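What follows is a pair of complexes built around chain A, which joins chain B in one and chain C in the other.
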Partner chain A sequence: MNPAVFEIGKFARLTVIWLSIIFGAVWAACWAVGVFAPALINASGMPTETASLASEVLRALVPVVAVAVFIPINAMFMVLCERRALALFTVRKGPNRVGPDGLLQTAADAVKLLFKEDITPHGADAVMFTAAPIIFFAPSIIGVLPLLAAASGNHELFRSVNLPTGIFYVLAIASIPVVGIVMGGWASNNKYSLVGALRSAAQAISYEIPLVLSIVAVCLMAGTLDVVKIADQQKDSLLSWNIFGGGALLPYVNLVVAGLQGNNEQVQAIMQHFQAQPLGPFAAVLMVVCCIIFFGIYITGACAEVNRIPFDLPEAESELVSGYNTEYSGIKFAIFFLAEFTNLFVVCSIASIMFLGGGHAPLPGLEQGFTEMLGGILKQLPGSKEIFSPGWLINSLVNPSTVSQAFWIILKTYSLVIFAILIRATLPRFRIDQLMAFGWKRLIPLSLILLIALTYLRELV
Partner chain B sequence: MAPEKIEALTSTRLKTDEMIINMGPQHPATHGVLRLLLTLDGEFVKHVEPVVGHLHRAQEWQGQNRTWFQYQALIDRVDYLSGMFTSWAMARAAEKVDGCQVPLRGEYMRVIVSEMNRITSHLLWLGTYGIDLGAMFGFPFYPFREREKLLDLLEAISGQRMMFNYIRIGGVQSEAPPGWFAKVSEFVKEFPDRVDEYEAILTNNPIFIKRTKGVGILKKQLALDYGVTGPSLRASGVPLDLRKTKPYSVYDRLKFEVPIHEGDGDTFDRYVLRVKEMRESNEILRQCLEQIPGGTADELRERRKACNSCGKADCSNCGGDLMIMAKKQNAGLRIKAGEGFDAIESPRGILGCYIISTGGDTAYRFKWRNPSFCNLAALPDLLIDHPIADIMAIFGSIDVILPDVDR
Partner chain C sequence: MFGLVGRAVESLYYVCVGLWTVAKHTGRAPITKEFPDTMPDLPGAFRGRLALAVNPETSEHLCISCRQCERVCPDKCIDITAHKSPETGKLELIDFKIDHGLCMFCGLCTEVCPTTCIINTNDFEMSDYSREALIYDLKKLTLTQDESAHYFSKKYLPIPKPKPKPAPKPAAAAAKPADGVAAPAKPAPPAAKPAEGAAAAKSAPAATDKPAGDAAATKPTAEKKADDSKDSEKEKAAPEPSAAEGKAEPDKTEG
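After this line comes the complex of A and B, so read on.
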């Protein structure tokens, strides 16, 4: 067999195994806390008030449990995935020694980092030095909470963390980590760290503007800041995704479909709609173009936001040794490392919820068909009403619509993650002045112009 | 606000200090142990002082205290990326003093292995230059893939991957193993495609061009003043290549171009020039494989079955042009009394060796002219007023190897 195909197969197998472990574990933990434990309490014969209070508290804890379980193991997998994918892109093998196929490599690395000596350099500000990784990491945990609701298809256990202004909250939280970087760089008492931290501050300020503007464009089209609603608006098919104009093209596609089917009444109805909007088709196409460019701007801004190549200037290894985290070792370095990958995951999941339809399938009917099929199988299980019976267990564990949503959002988010890895494997790094010029002279004017264009175009469609 | 008020604000209250920063010797991108004392104004370099000598191993002194035979094995370590060339320079200088004539097949073998070594050296440069520019994980491994093939071949013929000790005083150490020539021709055939691959990634990459064009311009006169040689000099418009201007060995029998860039060269020109040089080296290899007297080692072995590999100098299958070694190699190797200098074109520039021999088994005096040392001298002038990020772009582009600087 072609060795490249063999390696790709291995990588795919590894990814599937790891993702099943991660999401299986997360869901098992959530289920244990949010479904099983309350059922146990109810069945234990406690006084009703106490039992319902305890169940309420446990259910409220579910999102926290989900995040606490998910983030470390997900970051561990992403490190492994990145190393294996980079190896694939660069004619190497990658980690393949620890555990089967190198599955346990990052676990081994994590253990190594935990046992390393925690060094505070001479002359460093010890309090700030310790606080920096925490301030860097904490926002990525807090920030993913509203996304949970959107990613799980507004599952009842995660409904409580959904905010009416969800995306606003996520973006606000996402701009905190740079404070941690600046603190770490300043407190390290190292000139390389300081230069890296200052670069990071400048970069974050410049690239947050186009990033936010691209999200504003999506919110403008959706008319809401609620991530669950934004995701739901894109549920019909590929064409209603925000990257393709949020359904701007749908009437025209419907016209073509109706024309092909010979459904004259529908054609007439749609044509009447067009007579009211003569510029409609033109505006719709322009709008799709705008949205695709906005998606590109978002990805660029996100790469800069999470300090990935080609925007990894704060930790430019060939210039600044390791930038802001030069002096960090052991667990503190591990936290920086963890947070970086979590941030990458967060920006990718924001992109898939805001632009790529969240947990909805790209083709109409796919999602519904799957849900009905799985629901039919589950219904046939015996004794599904009885509590603690195998049927009850399966039914409470597997929710067809959540499974489908989770599948699609994982697929989309990890596709974006692997795209980011591909970029990393391809491009050299910008220089700081070129980076600034690109941000302020190209991206920001472009996104402002597009935003204004989009404002008018959506009136015309 | 009145202009004088602005003036007062900016010049006095917002006065900023210059920062002195020590880049190296333990810096991940200084290609070894160079220490650069930088004075920075913000991100911009105001003054540079290279501090060399961290890897000084007294190579010349060692040469004067070891026998010729021992020192031959040591000298590959001076420039560990192009060991063949250091061996060759010393061998040529010693042969000049001794007056021994290297057989033609030996000369061809020297050119073949050296040009292979030149390609490996340029490939390593290409990969690490990608790292210097921040392409940390992707690009660098592609050149290394081909470099690995060449190193395997060099290991097969010399027994070592990098410290070859293959070119000896009087010729080369051994005949190629079976199948070696076929593998080299296979490599020569596929290599131009591989170079196209690297160029597809880098030459038209907008970020790469932005980072390299107009950066670190080495003026022709400055290069000549500092004694810069090799590709860095040729990229600044001076057509100095000893293989062409003062042909040694069998280079006068080979047809090849020396790539030149007209006008003052920047880092991009130096990159382009090295890539072209790899293609030329490949061309030289191809010609050598065709021209080498006696053909491949396998053919020669077949021929030598007739005379049972007698090894006599007057045998038509073993002697004359078909020999590879003219001087007996043993621990008591001696060079006739006298002094001599010879220089060759290494991947980094002109590599010269000066020898005084008193006729004993050790040299009286060794002196090396190393290209990296002279090339490095031009670095401070190139770096002034460039941002930190360009330090590595420029330093990488002049292709310095630190053991070669410090000896």
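After this line comes the complex of A and C, so read on.
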């Protein structure tokens, strides 16, 4: 057999194993805190008020627990995935010694990092130096919370983090990490760190504008800032995803389908609707083009936001040693590392929720069919009413609609992560002046023009 | 404006081409060699540890102690001990040391060696616990016959001709006086011809036959026969051959 197929198979196996570990752990932790512990408290003969209060507190903690469990394991997986995928793209093998087929490589790395000496350089501002990684890392924990609600299909345990201004909140939080970078760079008492940090600040400020404008465009089409609602609006099929104009093409496709089926009444009804909007088809196509370009702008801005190649100027190894984290070692460096990969995950999940339909399947009926099938299987289980019986256990553990939504969003998000790795394997690093010129002279005018165009096109469709 | 759009489209196109090229590489077999598990397949010209080859056919040591490698080495890391053999008067190798800690594997020594004795092998695993252990002596440097054959074929080196046999040498040395006599004996017949007519008529055919047949072992007996007939002529002919050789040789081969 072709050895390349073998390697791809190994990569796929690694991904599946790690993803099951990550989401199994998250799922189990959520269930233990949000379902099992409250049930236990209710079953023990506590006074009703105390018991309900305790269960409420536990339920409210679920999103935090989920994120706290998710982030470290996910960062480990992403580092390994990045190294293996890069190896695939560059015709190498990647880490394959620790554990079966290199599966435990990053776990070993993490342990090593945690046991390393934590050095504070001479002349560094110790307080700032310690605070910087925390300020860099904290936003990625706080920022993902509203996304959890969208990703879990608004599961009742995550409803508490479903903010009405979700995406606004996420974007606001996402601009904090740059403060941590500048602090770290300044406090290190090292000119490379300082230059790296300043570059990062300049870059984050310039690229945040096109990034936010592309998100604004999506919110404009959706008419809401609530991530759950934005995700739900895209649930019909591929065509209602925001990347394809948020359903702008849907009536025309419906027309073609009705025409093919020979359903004359429906054709008539749709045609009447079109008479009111003669420019409709034209506007719809333009809108789709605008949205696709916005998606490209978002991906570009996101790469710059999380300092990934080709925008990794803050840590350009050939120029700045390692940039803002040059002086960091041990656990502080590990936190920087963790935060960087979590940020990558966060921007990818924002992209999949805002542009790629969140947790909804690309084809109509796929999601519903799966949910019904799984629900049917669960109904067969015996004793689902009695507490602590196997039936109850599985029923409270598995929620069909959440399983399906989680599956799709995981697929979309990690596909985007792999796309980011592909970009990293392909493109060389920008020069700092090119970076600034590209951001201010190209991306920002382009996104402004497209935003205005989209505002009018939306009325015409 | 349109120029800008055109450029944007063009650069996007090239980015996509790049992405596609990289993505296509996923379908290739990895070129990684997992070294300790699988040995890399090195080309013959790879410049690894130095070694002294033996003749792959006769297994005699190829070094002639010419010291060219010692002289050319920029690092002066070759150290040859040799002496002139009292018996043969030829150089004889006693020890040959290469300090691989100093060597920079430039391969100059292998290029100057007239007998392709010193060669770069494909071995690169020489790590050791001390610097002294990197000084390899003659015993450690000399390859076996099989290894030599392997490297000679891998480097496309011509198989060297065997040295003139040392085995007949002692015999030749013992018969030196006779040899000295035997050599001039070849040109002797032509020299003897004018001197003696009737006596030579018997021995001359035999003497002219011998060099043509050229059987070393039978030569002395042939000379013996010639000696019997004319002893005095030989004394006269002995100092001559160097001068006579040029003219005598064609005669002899024709005969």
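Assume the second predicted complex is superposed on the first by the 461 of 461 C-alpha atoms of A that agree within 3 Å, B and C clash if a C-alpha of one lies under 4 Å from a C-alpha of the other, contacts with A are read in each partner's own complex, and residues count from 1 in each chain.
Definition applied: contacts are C-beta pairs under 8 Å (C-beta built on N, C-alpha and C of every residue); 3 or more make two chains touch, one makes a residue touch a chain.
Just so you know, these numbers come straight off a predicted model, no measurement behind them.
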{"item": "Fit-or-clash call for chain B and chain C when the two complexes are aligned on chain A", "value": "clash"}
{"item": "Which superposed partner A:G123 touches (first chain B, second chain C, both, neither)", "value": "neither"}
{"item": "Partner chain(s) touched by A:D433 [first = chain B, second = chain C, both, neither]", "value": "first"}
{"item": "Partner chain in contact with A:I309 - chain B first, chain C second, else both or neither", "value": "first"}
{"item": "First, second, both or neither for A:L88, with chain B first and chain C second", "value": "second"}
{"item": "Superposition-derived comparison: chain B or chain C, residues of chain A touched", "value": "B"}
{"item": "First (chain B), second (chain C), both or neither touched by A:P100", "value": "neither"}
{"item": "Which of chain B and chain C A:I8 touches, first, second, both or neither", "value": "second"}
{"item": "Partner chain in contact with A:G365 - chain B first, chain C second, else both or neither", "value": "neither"}
{"item": "Which of chain B and chain C A:G262 touches, first, second, both or neither", "value": "neither"}
{"item": "Contacts of A:P47 with chain B and chain C, given as first, second, both or neither", "value": "neither"}
{"item": "Residues of chain A contacting chain B in one complex and chain C in the other", "value": "89-92, 425-427"}
{"item": "Residue numbers on chain A that touch chain B, as the complex places them", "value": "86, 89-92, 191-192, 195, 309-310, 312-313, 316-321, 424-434"}
{"item": "Of chain C, residues touching chain A in the complex", "value": "8, 15, 18-19, 21-23, 25-32, 34"}
{"item": "Chain A to chain C touching residues, read off their complex", "value": "2-4, 7-8, 87-93, 422-423, 425-427, 442"}
{"item": "Residues of chain B defined as touching chain A within the complex", "value": "19, 21, 27-29, 43, 130-142, 145, 201, 205, 207-208, 210-211, 387-392"}
